[in-house]
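One chain, subunit A, links the two complexes that follow: it is found with subunit B in the first and with subunit C in the second.
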Partner chain A sequence: MSDLLTYAYAVVRNAEGLREATAPLRGVAESPVSLLTDTGDDQLGLAVSHVPGQDFQEDALKQHLEDLEWLEAVARAHHGVIEALGERTTVLPLRLATVYLDDNRAREVLEAGRTMFAGRLARLSEHVEWGVKIYVESSAALAEPTVPAADLTPGRAYLRNRRQQQSVRDTVYQAAQKAAERVEAAGRRHASDRVRHRVQQGLLADAAGAVGENVVNDAYLVPLKRCDGFLADVAHAADGLDGVRVEATGPWAPYSFAMPLDESGGAAAAEGAPP
Partner chain B sequence: MITPGRAPEAERLPQRQVALIDLLDRLLSGGVVLTGDVVLSIADIDLVRISLRALIVSISEQNPSPWTRTNPPRGGDHDG
Partner chain C sequence: MTEPLANRLGSYPSRSAPPYAQGSSANLADILERVLDKGIVIAGDIQINLLDIELLTIKLRLLVASVDKAKEMGIDWWEHDPSLSSRSRGEQSLAEENRRLRAEIDAIRQANALPEKEEAPQDTGRRRRGSARDE
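Let's look at the complex of A and B:
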């Protein structure tokens, strides 16, 4: 086996000048990116680069995936290639760290999946992905300072305080529900599809500067022509709702919509209720 | 008018780096899963989830406070 492996980033619809546009790109491990094309009709391309074998063998990869710095470097390199290609053509992103023994093997996979790839690219053409996250501010921050009532024992005062906090919390979740309904309505109006992601928690969420609790983390597939309308609706989704914030991220390459509907969860996933 | 994804280079330049967590949401659960050669690639979804969980857990052990409430990431579907 050679020391280098072929790392595949995305299947793309071939376009004029795409090969030239790909040439200056650097991918994982600063490796130059190239475009493998379908030997048949040249309609599809697979963006690849050559990465060190020792980092992408099974055992090494398993360990690396738990190393946040390594994961981040690979994720950002992967994303950089896909973003650059996405400015030129329709892109079908591959899952992080899809690796082949060599270019020939990668080309075989491209050719074997030709029909499926073409179908998915057609669905994603002229679309981008937007992320929409809904946050509620923490109940502690929202609870109004309560003046201890003279006629209450400390125990009763504590309980009353707790009840008030709970009540504020319920109100905020109801407001978040309302915002979620508005976002869903915007999605029905403008978007082609939706996928729900797990709500974001933990240090990575904190590191991103998130304030409050993330209760909705969705991705919408939106036609380019409908993006302005979608974003305008999303921007107003929290109007008049105290303690609720709606954030949009993007535009993204259609990562969340690369899988067929039945595997991705698709637009059918219905409940929009924050916990 | 905004043309998302096709904005000219000049407008995009002082580009804010995307948050890693938003990126990982997409790169570890999105994207086409093809069977790779290198034994696993990340084509094996369970492995990804296990690795991701390990990642998050190992972080949280150093700083347990963010994890005092609600459900840890599950091995199941991500659309719940």
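Let's look at the complex of A and C:
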């Protein structure tokens, strides 16, 4: 046993049948997930599983985290457990790779933070997170047909094409701005909070099949009973706007709203205009 | 108060009928930005050096976020990291290695007072003027 460590996934609000529902779950390294509860009133739980020490001791962990394949496997397992728990109760997702020497140490941390955890869970209760991304489809800027320019010199024709492309691009970004305003309005109508994420560009975003340039990447904390309205508004945010695509992902466990307000860069801190 | 979430999720529109249904199909970039950057941070027993995590996050951001923004922030080391850039294996690193080797050869020559017959005359002169300035 001494070569096993306790990997923690999420603090959860305990609920009837939750322990039984947790039992079949498999987490990081295919390890069975169990629920540690606080010794007090049994209101909080910490979802954990036992992972091999040789992979999660400091040095090994540091090396593994740089290995995208290993990281992907752990990230997906971590996310899978949180997602499954989120179907049954309110979850407070922990940052990846929160590891304790044993279950007793993990339970101590749960009990030491119980007031804070309970407060966070109360805020997240009956809420889910939706991701909203806005893309500018780059092809839209180039697909615009140009007027045949028989009467122009090649140089003038080139300059005119460039101007036209530039003007189409400006129009597309203005349309994206308009879509962003509509999404924000939907958020004000339905959501409890919002955080901005960094826009996704680069290899991972391309690998995910994203088409176009991601210009807005936000997360909204939405009460369960407002999800329909929020999604309907978001679905219409790009109506009548050429070259702009709005994509909603979710529902997610409330990852982006797990940190206390003053550290999460919540709605108040993120009111700036979108790029 | 502890009504299971699954029951409440029954009111979802049909298109999201299976709640949290993204499962393995969820986009890795979306998952990583959440599990690495979001989620509550509580101290674990296994301490990971924060600097390392920051470095990891920066590396991932180069995959997830904009390379141009990283450059604006003065971060350009990926250009020298062979796992991230094909350029670093090309002429850049060769030129760098060439410079280093030349400097080493120069240092050895000076230390052992080797004859400099391979050097062009003006090069020799320049180095002599250089060492004279140093004195």
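To be clear about the criterion, the second predicted complex is superposed on the first by the 252 of 275 C-alpha atoms of A that agree within 3 Å, B and C clash if a C-alpha of one lies under 4 Å from a C-alpha of the other, contacts with A are read in each partner's own complex, and residues count from 1 in each chain.
Methods note: a contact is a pair of C-beta atoms (placed from the backbone, for glycine too) under 8 Å apart; a residue touches a chain by one contact, two chains touch by 3 or more.
None of the values given here were measured: they were computed from a predicted structure.
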Subunit C versus subunit B on the shared subunit A, clash or fit after superposition: clash
Which superposed partner A:Arg196 touches (first subunit B, second subunit C, both, neither): first
Touching partner for A:Arg13 - first (subunit B), second (subunit C), both, neither: second
First (subunit B), second (subunit C), both or neither touched by A:Leu94: both
Touching partner for A:Gly131 - first (subunit B), second (subunit C), both, neither: both
First (subunit B), second (subunit C), both or neither touched by A:Arg123: neither
First (subunit B), second (subunit C), both or neither touched by A:Arg107: neither
Touching partner for A:Trp252 - first (subunit B), second (subunit C), both, neither: both
Touching partner for A:Gly80 - first (subunit B), second (subunit C), both, neither: second
Contacts of A:His50 with subunit B and subunit C, given as first, second, both or neither: neither
Subunit B and subunit C contact sites that coincide on subunit A, given as residue numbers: 5, 8, 11, 56-58, 61-62, 65-66, 71-72, 75-76, 78-79, 86-87, 92-101, 105, 109, 113, 120, 131, 195, 197-198, 200-205, 207-208, 219, 224, 227-228, 231, 249-253, 255-256, 258-259
Subunit A partner contacts - residues on subunit C that touch it in the complex: 2-6, 8-9, 11-13, 16, 19-20, 22-24, 26-49, 52-53, 56, 59-67
Subunit A-touching residues of subunit B, taken from the complex the two chains share: 1-6, 17-43, 47-48, 51-52, 54-56, 58-60, 63, 66-67, 70, 73, 77-80
List of subunit A residues in touch with subunit C within their complex: 5, 8, 11, 13-17, 56-58, 61-62, 65-66, 71-72, 75-76, 78-80, 83-84, 86-90, 92-101, 105, 109, 113, 120, 126, 131, 195, 197-205, 207-208, 219, 224-225, 227-228, 231, 249-253, 255-256, 258-259
In the complex, subunit A residues that touch subunit B: 5, 8, 11, 56-58, 61-62, 65-66, 68, 71-72, 75-76, 78-79, 86-87, 92-101, 105, 109, 113, 120, 128-131, 195-198, 200-209, 217, 219, 224, 227-228, 231, 249-253, 255-259, 264-265, 269, 275
